[in-house]
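Okay, so chain A shows up in both of these, paired with chain B first and chain C after.
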Partner chain A sequence: MTALLSIENYHLDIPTFDGTLKVLDGINLSLAQGETLGIVGESGCGKTVLARSILGIGPQRARRTSGRMTFDSMPLDELNEAEWRRIRGVKISMIFQDPMTYLNPLLTVGRQLSDVLVAHARALSRPALSRQERRRRCSELLDQVQIRDPERVEASYPHQLSGGMRQRILIAMALAGEPKLLIADEPTTALDVTIQAQILDLLRDLVHRLGLTVVMISHDVGAIAAIAQRVAVMYAGVVVEQGATNDILTHPRHPYTQGLLGALPDIEGDHQSLEAIPGTIPNLIHPPSGCRFHPRCPRATAICTSDKPAMTSIGADHVVACHHALD
Partner chain B sequence: MVLFTLRKVAVLIGTMLGLAALTFIITNVAPGDPARLVAGPDATNDMVETIRREYGLDRPLIEQFLIYMGDLLTGDLGRSIVSTRSVMEELARYVPATLELVLVAMTLGILIGVPFGMLSAVYKDRFIDQVTRILSISGVALPAFWFGILLQLFFAVRLELLPVSGRLPLTALAPEPITHLLLVDTLLRGDFETFREALSHIILPAIVLSFPCLASILRVNRAEMIEVLQSDYIVAARAHGIDSRRIVMLYALKNALLPTIAMIGLRFGWMLGSTVLVETVFDWPGIGLYAVSSALASDFKPVVGVTLVIGFLFMITNMLVDLAYAWIDPRLRSAR
Partner chain C sequence: MLSPAITPSTDANTDDGSILSVTGLTKVFVSGGKEFRAVDDVSLSVNAGDVLGIVGESGSGKSTVARLVMRLIEPTAGRIVFEGGDLTAKSGEELRRMRRHMQIVFQNPHSSLDPRHTIHSALAEPFLIQTNLRGIELERRIDALLDIVSLPKAFKYRFPHELSGGQKQRICIARAVALEPRLLVLDEPTSALDVSVQAQIITFLQELRQRLNLTYLFISHNLAVVRHICDHVIVMNQGKVLEQGTTESVFAHPQNDYTRQLIDSVPRLPRLAI
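After this line comes the complex of A and B, so read on.
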């Protein structure tokens, strides 16, 4: 099966006043049609930059230093703005972390949604939709994300709606162009816990019903587990472990993955010992030599400070980048 | 929105009354005996007392205040001591000239400041941004009288393209007034020859007056645009494939306009109060000149009249700014 999205040895730098941030350090990921991939990692590990780079909307100053991204046999790194416009929203689309700030506060929901439809029609060189067609399509889309009173919602401004409602609208916008690939960047992080569950249910339902290919990014392992068949664990701009979700959650092989899972509260287990990973995330201007995790790793030895561990296969569809992978 | 507007109008009326009361208090606290001033240095005490009675200055302060406010409401601002004409009549002559100048200057400021602010935000640190930076720094730094004289020397004296000063040539006849704004009246009357004359007279003073205002509108709009263009909803709009022109012109500009409009309102008030230099250089028959000459002659009534007019215009502008805010931003509409 050929990959829908493939990212090969992707390096990304962001120059700053203090020096160059080496944000992504050789990312390898590939995703087949219909697959759902989760990317977990703590804040600042490069998840969001990676996700946005897939859509060409990363930080303006970000520079790819090597590697490439291919989507549907198109080289994403070589597209110009006009070509991007035929991809964004209609081939690859994205939902965002904080529904409070990702909708324009001065335009009605209906206006923003129908703007998206107009843009898609133009991107696909389809004839422009008539007013009625746009309205009908807007209602359909809102219905798809289980908004019951589309008329009221369309006439509303974002500040008049709840967070959950706004996230539904952003999901509707992302699905408006019937994209092949959906990137979900922490779609539940900014929501109340009860709303999180609703949005996750909705997403899972849509993914199954529409057969979407999904990259879901989160630091919430539970949310990832609910959606993704496969998981990639990121640490400081590096994918350290990748495999089937079940496998990774039950048998983590990388010390970081183990630490990450150990830091989760467990409802059945011992309530006293919530294990934190010692240390803090590294400075990406001067990242640690060798394995970027070694300063915080309990198993680190001399080789970890000198050699960057290669990605090695350690089972069916399970790879890990560690000199001392756990058994 | 209707309720919001009504509330703003009510506040406006209250503020206007407040300003009127304040001007009364200030003129009465100010040192100097107006009756003696009117009577002149050689007047006897009897003459001063007569004038005091004539002007009602011998009555209790409260009564004077009520009379003053009553006169104000009926549009009576008293008489100028120097010209002995009614202040209202004189204001009606001078205010439209200044208002026209300020409106043209403001239009220039907005028409140039907003688009160039936008462009220099989109092309930050590129060529156009450097050009507008020079423009806006010189706008703030150049003194109006110097810049005005420079333009006169170049365009009027050297190139002889535009008239040096005045509002109309001596030979031209102003049209029968409708709005008292020459540019509007000549158009309404179909008198295109005089319109052209009026336009050529207003260009230089309007440019000089608009320059600092243009500069600050440009800088505010640029700074806001830069910030807005980095906001999340712009990222989202890009991700949804909305084309960049629409993103800049609608999604970003609408948000960036709010502080720009506030700046426009402030600058409008500032312009009204600072036309005097430009009016002096270009011999423009406006309230700036009128106010200064009245103040120098200790002619109180015109000074109060000018103060009230500028104050009222400033308040009306502020109300319009508030309404524009609410019109653009739905959050403000529902919040109050």
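After this line comes the complex of A and C, so read on.
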């Protein structure tokens, strides 16, 4: 099975006024066609930077210091801007936490969808779609994201729609280029639980129907569990554990994963006490030596402060980077 | 923990033990010539020392209830009784005095702090306005507040943008408890935060409640959090109370279809095997 996306030993720095942030510190990930991979981790751990780097829209001054990304056999780090235009938003597309930021408040939804189609045709050097073809494609896309009354929605301005509807529109736009890979960065974080459940259902349905490959980023483990077959747990720019969702959630082997799960209140539980992870994520200008989690880790020993733990396989499709992984 | 400037109120709570009781609370907003009933005949009561949760989807009126209770906006109808006194009948100095015993923490810590002022001045403000604490004694109180919310003293000299979301929310909570209120209204205090930070804040809020003998009105659309922290819960939809009861009974035996749907939409996690 060849991977659709593979990220190998990827290091990324962001120079800032105060010093250089070592934001991504050797990321290894791979995704098979049709798979949904969840990425969880606290805010600031580099999820968004990673997602945007896949799309070649990382922070402006960011520098890849080593490693590489390969998508569909193409070396992403070596593409020029013209090549990117045929991929970004077309073959790899992305949806975000706040759809409003990515919609133009002054144009109707129909117009914006139609503009996306025009832009894609241009990017792929295809003949422009006729007005009629565009309309047909728009209603097809709205249908794919399960919008029941496409005429009304097409005629609406973004502010006239609910948060859940706007997210559906953004997904429709993301689907316009028939992407192979969809990156969803906290797509449900800003939504109500009921709407969140609907959007997760929709994403699951799209994976199923269109064979879409998805990277689902969230700090909400529940949302990840609802759609991802595999999960990567990120801490301070490092993937610390990766494996099948069910394994990770029931048998976390990395102390950070265990901490993250222990911090979740359980809807079915009662007043059991929450185990907060002590401390906060480190400053990435001077990240902790050795294992970046060591200042907060209950299992840390001397070696943890000196040596970065290597990613080790501990079961079928389960890897962990820890000197003292849990049993 | 009580500062000399703050004396506990001798006001009796109402006979039934409630510190806050609200009846027939209604708020009609008028926008574009149209009336909109954001809160419609809401009644609730919170016992001293309890945590009452309000859940409901976005737009159901939760925050409007919070703002009405705090008298930040005027109710169209209804009565709000706090520690035996009718808040709706009070105004001016008297209202200000009563309101000092109730404080609110908002969802978005990023916009709750003035970006131009240091953390020190954010924390000093309630003392400067409401008490005559000054100088070294004031510094001591500010340090104590930072201590309560487990932040280093050096944070005094920072500006809000130099803090993380969780740290900002801790500052907002520190400021809200500065004058040792008896009722804390928490409007989605953890919604903008990470799960791990959320766990810290919630654990901290539970501890703080016992330490300072506080009562909470806790608004959230995160049902797991509500189940975790609240003794009683109210379910709101379109401005109305659909269901209320002990947290246990509402979650275990929801009476209303909407409540059931709300509870069912929370993604379930497989159980930890450890």
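In the analysis below, the second predicted complex is superposed on the first by the 323 of 327 C-alpha atoms of A that agree within 3 Å, B and C clash if a C-alpha of one lies under 4 Å from a C-alpha of the other, contacts with A are read in each partner's own complex, and residues count from 1 in each chain.
Rule of thumb we're sticking to: a residue touches a chain if its C-beta (ideal position, glycine included) is under 8 Å from a C-beta of that chain, and two chains touch if they have at least 3 such contacts.
Fair warning: this is a prediction, and the values are worked out from it, not measured in the lab.
Judged by the touch definition given at the top, the superposed model places A:326 against chain C, while chain B stays out of reach.
In the superposed model, A:107 lies in contact with chain B only, and not with chain C.
Once the two complexes are laid over each other on the shared chain, residue contacts for A:172 go to neither chain B nor chain C. By the touch criterion defined above, A:228 lies against neither chain B nor chain C after alignment on the C-alpha atoms of chain A. By the touch criterion defined above, A:217 reaches neither chain B nor chain C. If you count the residues of chain A touched by chain B and by chain C, you find the higher number for C.
When both complexes are overlaid on chain A, the residue A:199 reaches neither chain B nor chain C.
In the superposed model, A:277 lies in contact with chain C only, and not with chain B. The contact surfaces that chain B and chain C form on chain A in the two complexes do not overlap at any residue. Residue ranges on chain A touching chain C, taken from their complex, read 42-44, 163, 192-197, 200, 219-223, 225-226, 246, 249-252, 258-271, 273-277, 280, 326. The touching residues of chain B, when paired with chain A in their complex, are 231-233, 235-244, 246, 250-251, 254-255, 328-331, 334.
Put simply, chain C touches chain A in their complex at residues 57-58, 164-167, 193-200, 202-203, 221-225, 227-229, 248, 251, 261-263, 265-274. The part of chain A that touches chain B in the complex is made up of residues 52, 55, 57, 81, 85, 87-90, 93-94, 96, 98, 101-107, 115-116, 119-120, 122-123, 157, 159-160, 170, 173-174, 176-177.
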